[in-house]
Structure formats: C-alpha cells, structure tokens
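Following this line, the structures themselves.
Here chain A shows up in two complexes: once beside chain B, once beside chain C.
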Partner chain A sequence: MKKIWAVAKNTFKETVRDKLLYALLGFAVLVIAGSLLAGSVSLGQDQRVIEDFSLTAMLVFLLIITLFIGTQLVRREVERKTIYLSLTKPISRDQFYLGKFVGLCLTSAVSAVVMGTIFLIVLYLKTKSFEWVALWAIGALILEIWLLTAVSLLFSSFAAPIASAIYTFGLVLVGHSSLTIWSIAQKSGGFLKGTLEAVYYVFPNLEKFNLRNEVVYHLHPNPTQTVAIILYFVGYTVAVLLLGMSVFRRHEF
Partner chain B sequence: MLSIKNLTKTFYQGPAEKTVLSGISFVVKRGQVFGFLGLNGEGKTTTVKIIGSLLFADKGAVKIGQFDHTSADAKQLMGFMPETPQFHTHLTATEVLRYAGELFGLEKPVLDQRIPALLEDVGLSEAADRRVKTFSKGMAQRLGFAAALINEPPLLVLDEPLDGLDPLGRLDFKKLISRLKKQGTTVFFSTHILSDVEEICDEVAILHNGKIIAQGSPKKLTSAKKTLEETFVELVKR
Partner chain C sequence: MSFEWGESFKDLWPRFAPLLLLAALALAYFGQLRYDTWRFFDTPTVQDSFNNFIEPEPLKSPTAKAASLGATNFLSDIYWLELIQYYGGGDPYGTYRQLPALYQTITDLSPKFLAAYQSGLLVLPQEKFTDQAIALGEKGQQNLPKSWEIPYYEGLVYHVDKKDYLSAARQFQIAAAKPGAPAITKYFAGLYYKEAGSRQTAYVIFQTVYQTTTDPFVKDRAQKQIGHLGGLFALQDAVSAFQQKLHRNPKSFDELIAAKIIPALPVSPLGLKYTYDAVTGAVSDTK
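Then we have the complex of A and B:
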C-alpha cells in the first residue's frame, strides 16, 4: 500500500506542477463564475441555469483534464524512460499502475473540489441557501471522472496519447447516450438489436452519474439510487483496472 | 550474487526477427566487480534490462541471490541504473531520491539521513533542490548512480555508467566503485569503454553475436603485449 501511495504522490505532484492544469482550472472557475451572468439574463430561471450550466461546465473541464493529462501519463513515462526508475524497484507492475490511477484520481478530485466550491459559492450568492443535492451531484461527477480515468489509463497503456484521448472521448459520447442506445435497440430487431444491446452492456452507462436533473428540480437523493451508483462505479472501475493491469503486465520497456 | 543461465531473447518486428541473446550464461560472485563488454547493439542493454525486469527473456533464468529476478525480494537486493537515466523533470534531485527510496519502503528518517550523504558522494549537494530538468547529462548520470544506491544494495547493476561522464566524473565513478567493492558490494556493469575496465574489474565477459565469446579476469584475457582493448578487438574480429 505504501508503494502504491508513493507512486500516487509522485503522479499527483507531476500533474499539479503542470501549467496546463492551472490554465484549465482557471478557465473552468471563470466559466462557473460566469454562470451567474448567464443566470441573470434568463427569465426567472436563474437558479436552474446556474445549476445546469455549472455542473455541465464541471463535467466538460474535468473530462478535458482527464483527456489531456490522464491519457499522457503512462505513455510519457514509457517514452521518456522515467518508468525505469520505478519498475526496477521492488514494486509490482500492478502496484505501479494502481499508483498512477490513485494519483490521477487525486488530481481530478482536487480539481472537482476547486470547481465545486466556486459553484456552491455562486449558488449560495443566488439562493442564500445551501443545496445539499448539489453536493451529491458533485460526488457523482467525481465518480464518473474516476471511472473515465481508469478507462483513459487502460487506453494509454497500449495506444498513443492522441488515440487514447479520442477513444476515451468516444466512450464518453456512447456512455452518455446509453438510454438512447437502449431505446433504439428495443425498437430494432435481429443483428442491430443484438449489437446495440451489447454496446449498452459493454460501455459504461455514464447517465447513471448525471444528477443534474435532481439538482435542477430539487429532487432529494434516495439511498437505493446512491448505492446503485456506487456499486456501478466500483464494479466497472475494478473491471477496467484489472483489464488495464493485465495489459500493462505484459509490456516490455 | 547474480546468476544468468541460458538467457535467450529474440525481438520481432513484423516478419523480421533478430536474436540478440542466444543462451548466454555467467555467474557474478559476491563482492566482484564484473564488466560486461560488447560492441554497440550486441545485447548488453538487453541483458541489463532483463535483469531489471524491464524486458522478458524468451528462455533462461536470472537469479539475484537465491531469488528469481522479477520478485520483490530480488529487487530489494539490487540497485539499478539504466543507460542514460531519465527522471521526472518536475522533481528536484532530493525528491527523485526520496521517491526511489519510498519504492524500497524506506522510512522518512532513514531517507532524511541517507539522501544528503548520497548527493554528497556523487557531487550533487549543491544541486539538491534544483529541478532535474535543469541537469546536464553528466549530472543526470550522477543522480542515476545515487538513485541506484539509495537502498544500499548488495548488488549494483549499471548500464553504461561511464557514458556521458567527463574525465573527472569517470575518475569519481571509479573511486566510488572501489569504495563500494571494499564495502562488499557486488557490481555488474556493461560498457564499451575498455580503458577503465582493466583498472576496476575483477572479471569481464565479452558478448558478441549473442554469445559470450570470452570470460575471465582482465589479466587472464590479456597478454603482456596486448591491452584489453586490443584483445577485445581481436576476439570480436575473429
């Protein structure tokens, strides 16, 4: 565990010393703060616009951080040969891979906390009350990003950074269209139905993590839904990590 | 301390294949300084990378002490420096050594004591808090050497450690190797710079065309009339 933590700390340090992260975070904060302006020009829907706009902006910026930083990390270690420093030490490849994952998760969690804090402040300034449900939505968003971090690590363990960013982005598009894919599958037949159903089951259903409607319509989270989200996150992420580790274990450097 | 038995490695690139190692075997005894010699592209780095578990052998066995070289027990006994060591450029020299030490499970107080001493040994004390990205090739080589020593290993495996070092650096390196030898450390290193090998090695092995073509002490391999360099050239041209 200590060795995984050592890699995670190093990964976290590497990402937080990356100027790109600050540029993206700065821009995200500006966009979220700008939702106050967007809300003020809407007709009596300020709060709804702020919530929807900010949560979408958070998802987009956290996704960009994952795509630009996450997909490069392992590949960069291999290309720059810095991986030699780690793998020749008494640490297994699985521990190294998990360390990278934990480090990246820390980076996205800190980024989400920064963005989330700005969002909650903006929301408080508008409503003069604290929206617990917004906190719940931010939590689900972090889980979604962690799942996508595992996916981007998997892709980056065998593909070039640009390719793995494209694959991850493609997976996000499919993952957020899960319900549409399922409904098309139910209206189709034969081969198409089977294919679409396979896509539905194999690709992550990222809509499970989308709680924007709950925030906008002030629907309080129910425990069953929360448990389902957590179990889905754990199951899918563990499966992707296991797959990634089995690919990484076979690599030669 | 290090035993290599029947090591075979072939690289495939599409339909083309190149056998780099064809069943090489040798043993490095405890406390020895062992030079692994060969021309460029002969498989020295491949052998070193297999020892460091960066590449997988097609056949054969590598043991460090009594352990298989891929095990954590074996790696715990080994200090490793790759050819042209590279580091995370966002870290300082001290942070690089701390990271390397943490991977060995070393505690903070041990590292707090060991890191400044190691940086002093390799002549990097003044650069301790400088980011590695500002380091010259020679400085990176010195830091690589310090990182390989962080666990005070009984076995040191070095790939072309003299590459990139100026004459002063090479002299420092030789002094350090002599000191480690006195402390009982086993040193295995690959090189093609033969002038230094004669001075510091107890034994050498010459790799050519995937096979060990000669092995023994530098004195045994050379004659009164020929230097190791001349003997080496004669052997590989044969």
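Then we have the complex of A and C:
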C-alpha cells in the first residue's frame, strides 16, 4: 500500500507541475464565472443557467484533463525511460499501475474541488443560497471521471497517447448515449437488437453518474440510486483496472 | 556570379517595408470608407431583417436528446437563450414561426422547466399559436402535476383567445385544487360559470399573473397585457360615452379626440393596433 501511495504522490506531483492542467483549470474557472453573463440574459433563469452551464463545463474540462494528461502519463515514462528507474526498485508492475491510477484520481479530484468551489461561490453570490444537491452531482461527476481515468490508463498501457485519447473519447460518447442506444435497441429486432443491447451492457453506462439535470429541480437522489451508482462504479472500475494491470504486466518496454 | 533570391530579398526588405505598410494602411482606410458609405448613405437593396439569418432551427426532440449526450438541461438552456434573442429581435416573416418548435424542444429536453411553460402559454397565443399553447399547457400539466400555474395560464388562453369559457372554468378548477394556488383562483373558478364573458375577468386574471409570478419574463408579458387591455377598455368606454352624448357612433378614433372624450389614442404595450368598426361601434385589436 505504501508503495502504491509513493507512486501516487509522485504522479500527483508530476501532473500538478503540468502547465496544461493550470491552463485548463483557468479556462474552466473562466467558463464557470462566464455563466453569470449567460444567466444575466436568461430573463430570470440565472440560477438554472449558472448550474447547468457550470456543471457541464466541469464535466467537459475534467474530461479534457483526463484525456490529455491521463493518456500521456505512462507513455511519457516510457519515452523518458524513467519507467526503468521505477521498475528496478522493489515495486511490482501492478503496484506501479495502481499508483498511477490513484495519483491521477487525486489530480482530477483536486481539479473538481477547485472548479466545484468556484461554481458554488458564483452560485452563492448570485442566489445567496447553497445548493446541497449540487454536491451530489459533483460527487457523481468525480466517480465518472475516476472510471474514465481507469479506462484511459487501460488504453494508454498498450496504445499511443493520441489513440488512447480517441478511444476514451469514443467510450465517453457511447457511455453518454446509453439511453439512446437502449431506446433504439428496443425499437429494432434480430441481430441489431442483440448488438445494441450488448453495447449497452458492455460499455460503461455514464448516464448513471449524470445527476446534473436533477440539480436545477433540487431533486436529491434516493439512497437506492446512490448505492447503485457506487456499486456500478466500484464493479466497473475494478474490472477495468484488473484488465489494465494484466495488459501492463505483459507489456515489453 | 549567381543571383541569390534569398539574399536579395533580405537586402530589399527594409526599403520596401514602410511602403508596404503605407499600402496596407491605405487599403484599410479605403475599405473603411467604402463600408461607411454603404452603411450610412446607400439605399439598402434588400429590406431584410437580420433575424432572417438568425431564425433558429431547433433540432427535433429525439435528435436533440441524443446530441446532448445527457446534458439535456444545458441544451435546453441554450435553446431558451436562443428563444429570448429570437423573440426580442423582431418577426421577419410577420410571425415568429419557429416559436412553437422552440418551446416544444425546450420542454422536451427539460420537461420540468416551469418558466418555459408559463412564458409559452402567454407568448404563443399572442403570436396566433393558440392550439400549440394549449398543447404545451397539457404537456406541462403532465410533467408538473403539482403546479397550479400551468392550468391557470391555460385557463387564461381558453378565456382570452379561444373564448371557450367552459374549458377556462375547468382549468381554473384544476388550478384551484393544486397546493399553493392563490385564493383568487377558487374565486375565478366560481365566477366563470356566472360571468365568464365579462371583460373585467380577463383583466383581473392577468393582474393575478402579474402579482404572483417571480419570473421577470412572465411578469413583463402580464404587465403588457394589462396595459393593452387597459387601452382597449378605455377606447370602448370612450365610444360608449360618445354614443351617449351624441346618439350615434363615432366615425373614427379621431372623432373621440376631437370631442375631447379621450386626450390621445392609447398605445398598446404589446405593439398591437386598436381598430374600430364605425358601423357596429366595436373596438378590437389587430397585429
């Protein structure tokens, strides 16, 4: 555990030194603050617009951070040959892989907290109220990003950074279209129906983590829904991590 | 001795740079001059509203839902902002023909968006989309069953635009039974079966909308409706006063001003025109 934590700390330090992270965070904060402007021309729907725009901006920027920083980490270690230094130490490949995952999760969690704090401050300044449901939505968003971090690490353990970013983005598109895929499957028949249902069940259902639409209506998720989201996250992420570790174990550097 | 292109260009460049700069500035100046001439002095050849080019083309709801990738409220907000810009920009075809489609997509993407139903029920009938307004109201009642506002506003559409007082009364009864409905809603439900056609009823209904809503858009529309009805009633009263005084119908509104019954013709805040039928003495409004 200590070894995983040591790699995680190093990964976190490495990512927070990346200028790209600050550029993305700065831009995200600008967009969130900019939602005030959009809210001001919405004829009384300020709160709604600020919440919807900010939460969507958070998803987009966290996704970009995961895609561009997450997919490059392992490859960069290989290119700079620093991976040999790590792997010659008494640390297994699995521990190294898990450390990378935990470090990346830390980075995305800190980024989400920064963006979330700015969002809640902007919301409070505008409405003089605190939106508790938004915390649930941000929590679910972090889980979604952690799952995608596991997916991007899996891809980056065997593919080039650009390719793994494209694969992960493809999965995001499929994952957020799960409801559309399901409804098309129900209207089709035969082979197409089977294929679409398989896509629905095999690919990550990212709409499970989408509580952003509920925030505007102050709808708290019920406990069963919350447990289902957490179970799904744990199950899927562990499966993807195990798959990624087995690929990484066999990888020749 | 060979001619070196790179070398000679490097030598000549400092001499030509100021000339090039002057040429570029002159070009920009003449461009600006030409633009100003066109902008301020030319007769526009095409009498088009800018809105012709920005008329929204909302996606059909299933496509919009699929394209939103789960961010349905976000996309709904984008269309909401587009609707505000569109409705405030003038109607290029004599009617805001994309309004029903916009309201449809907005409320399909965000089925619990109360302000969209409220504003749609006020705006759509004004633009002669009465049936679409009623359909929007029915959809709103399904998606927000606890809201008293939607049946109340729908009752208003039945009263003012459809002149279907029985349906209006039914809607007011539905609204009165909802939690949080103002006491006056119950009063309307009772009143409607008695004197539904009374002009004062519509006036009071709009006043209630104005007093109860917190939405600035809805408040603004209700205020304009109140102002518009006020002008209409003032003209109707003036025609009656003229008839009583001179025992005939006035020939036009100007005669009312000449007879010093009204100081000036009222202006409708909705931008509608008050019209008068000299034969029947009826005052109405038209776009």
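Here is the rule we use: the second predicted complex is superposed on the first by the 253 of 253 C-alpha atoms of A that agree within 3 Å, B and C clash if a C-alpha of one lies under 4 Å from a C-alpha of the other, contacts with A are read in each partner's own complex, and residues count from 1 in each chain.
Criterion: a residue touches a chain if its C-beta (ideal position, glycine included) is under 8 Å from a C-beta of that chain, and two chains touch if they have at least 3 such contacts.
Quick caveat: nothing in here was measured; it's all calculated off a predicted structure.
Looking at the shared chain after the overlay, A:Val102 reaches neither chain B nor chain C. In the overlay built on the shared chain, the residue A:Leu241 is in contact with neither chain B nor chain C. By the touch criterion defined above, A:Asn10 lies against chain B but remains apart from chain C after alignment on the C-alpha atoms of chain A. In the superposition on chain A, A:Leu171 makes contact with neither chain B nor chain C.
By the touch criterion stated above, A:Asn210 is placed in contact with chain C alone, chain B being left untouched. Looking at the shared chain after the overlay, A:Tyr84 reaches chain B, while chain C stays out of its contact range.
By the document's definition of touching, neither partner reaches A:Leu147: not chain B, not chain C. Here chain B touches chain A in the complex through residues 49, 52-56, 72-73, 75-76, 78, 80, 82, 84-88, 90-91, 95-96, 99-100, 102-105, 147, going by the rule given at the top. Within the complex formed with chain C, the residues of chain A that make contact are 38, 41-45, 48-49, 52-53, 55-56, 59, 172-173, 176-177, 179-180, 206-207, 210, 212-213, 216-217. Considering their complex, residues 2-3, 6-7, 9-10, 13-14, 17-18, 80-82, 84-92, 252-253 of chain A touch chain B.
Those residues of chain C that touch chain A in the shared complex are 65-66, 69-74, 76-77, 80-81, 84-85, 110, 112-113, 115, 214-217.
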